[in-house]
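Presented sequentially are two complexes of subunit A, the first with subunit B as partner and the second with subunit C.
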Partner chain A sequence: MEYFAHSQKAFVYKYVVMMSDTDQFKHTSFANYLKLMFLATDALFLPCVDSNFLSENRIRLVRSRMQFKRQTLAGDNILIKVNSSNIRDSQFTLLYIFMMEGSAELVTLGKQIYEIVDLKNDKTTTVPHNFTQLLEPIRVEESYSLYKY
Partner chain B sequence: MLKPSEDKIFTFDHLKTFFKHTDYHGYLHPYNYFEWTSYVREAFFSEMCTDFKQILESPIKMMTAKIDSFILGESSFGDEFYARFSVGKIKRVSCDIIVRFFNKRLKKIVCETQHTLVFMDSTTQKFAPIPESIREAISRFGEPETPEKNLTSYQTDEL
Partner chain C sequence: MTKKILIIDDEELVVKSVGRLLTKEGFEVFICRNGDEAIEKIKNATIDLIVCDIRMPQLSGIETIKNIRKILKTKNQKAIPEILISGYADQEATKQADDLKVADYLYKPFDLRDFLNCIKKNLEN
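Coming up: the complex of A and B.
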């Protein structure tokens, strides 16, 4: 039998669950996973969003989805893997896998659709080249994914 | 805070955009709709289920299984909202909650969130039936037949 190793590039953001993320049930509150999804997105975009870009454009969330699979506690180490998909002229999708570091147990699955808005006319504009350069190396075909986001 | 009306529509109207809710460009950050969704549902259960606190102390736990959001408009500093709570499918151990955020200045719905709540017995780690008082409360606040329902229902399939 032969084994094949396939490495899929992804942007990875690590987070340690804090006491302030948890509620009276000792688990991370669902809204905090969503905050974490935005945090990972910001970290991914950081190389592309200088003051010049932000003076002319903004990044607008169109839709968002998250599925919760496993609860986490204060002190848990979470890895957030971000991939891109459906990169189109004026929109793109980000896919998120939250997993426990070490055990790789699935915590949540996330999906967000973004577009770039031109501040001059408040209309969507073409995704800038530096964004596509950032998104292409982590691009996946969503329909071939192991998970249904 | 939570206002039952004659036609079984609940609104939560203590939502307003402050600086902490805005993004770099002065728009309401979409994350806030998720946080506000939890306020709306907790206010609903607190108000409508007289034994809600006892349920919270029991082994039956309420968990969010998934959440979708559809951003339908932009809001900014000072905007006030009311959020309307309604219920979609009710199953034995889960139910779908829909919250629509109406921007009073823009006079339009600017966001809709749809989430699924599932109930579990923490002692057995198995799904548990929806507690009777919660089932009774949510069954009275089904999804109204309104034009805005059609606005977002098709989008769910795309995600």
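Coming up: the complex of A and C.
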């Protein structure tokens, strides 16, 4: 049987919540999800960011927001689905969906806007080709997204 | 005649997003937050298409669809196309959906344009 439409492509980062992520009541919530957003971003850009790149550039976070939906507990498996949108010459957006692996319950939604900065003059520079190569396959049009970030 | 679509999902954001889209497109939308609500709705209303989440508290989407089919059969009503949606691509759920022979199966998140095309295609069929 052939289904008409499947999910949009996404970069998926899997994370198991650890005790060190939790508060005294064994919950993980907002601040730790923010940390996980950066972990997923780091994992996404791992193939592009080497010592050469880092000696000349940095990735600047321009804007960040998150919509907290629910707490998680140590041992919970979280899937972080990352999509890109609005890829421009010097800027791009990453959209994050955190969900429980087993139940698919929504944990949190995130959005971050990034730009690449040239360390020589501290000015925004063109997003390198290897970044756009990573971002294009997971690109979505935010206005047609199921979730509003 | 305005087509009537029943959305069964416990996730507030999905219901809002999909409901708004379908209403804007001229469909009449009914929303149920769980399987039991949906079964009650089917008993009292004529629906042209069902969109149902697989993973819900209490009755799962699969069980809900099975129960709805039973009700339609006892009412001698024709089958309604069903679109299952799921947030997690789990093989067991996919197999169950396949066994049920639902009209379509989408993974969340999906592009709303794809979703709308899917709705229109199944209403035409």
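What we mean here is this: the second predicted complex is superposed on the first by the 144 of 149 C-alpha atoms of A that agree within 3 Å, B and C clash if a C-alpha of one lies under 4 Å from a C-alpha of the other, contacts with A are read in each partner's own complex, and residues count from 1 in each chain.
Just so we're on the same page, a contact is a pair of C-beta atoms (placed from the backbone, for glycine too) under 8 Å apart; a residue touches a chain by one contact, two chains touch by 3 or more.
Given the structure is predicted, the values throughout are model-derived calculations rather than measurements.
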Judging by the criteria at the top, classify the pair subunit B and subunit C on subunit A as clash or fit.
fit
Using the touch definition from the top, say if A:F68 reaches subunit B (first), subunit C (second), both or neither.
first
Which holds for A:V140: it touches subunit B only (first), subunit C only (second), both, or neither?
second
Is A:K81 touching anything from subunit B or subunit C once the two structures are fitted on A? First, second, both or neither.
second
Applying the touch criterion given at the start, work out whether A:L46 contacts subunit B, subunit C, both or neither, answering first, second, both or neither.
neither
Touching partner for A:S103 - first (subunit B), second (subunit C), both, neither:
second
So, does A:K148 touch the first partner subunit B, the second partner subunit C, both, or neither?
second
With the two structures laid over each other on chain A, which partner does A:V16 touch: subunit B (first), subunit C (second), both, or neither?
neither
Looking at subunit B versus subunit C in the superposed three-chain picture, what is their shortest Cα distance in Å?
14
Shared subunit A surface residues [contacts with subunit B and with subunit C]
none
Of all residues in subunit B, those that touch subunit A in their complex:
23-25, 27, 29-31, 34-35, 37-38, 56, 61, 63-71, 155, 158-159
Sort out for me which residues of subunit C touch subunit A in the complex.
11, 13-14, 17-18, 54-55, 86-89, 98, 101, 104-115, 117-118, 121
Complex contacts: residues of subunit A adjacent to subunit B:
24-25, 29-31, 34-35, 38, 54, 58, 60-68, 71, 111, 113, 119, 149
Subunit A residues touching subunit C in their complex are 1, 3-8, 10, 79, 81, 83, 97, 99, 101-106, 109, 140-141, 144-148
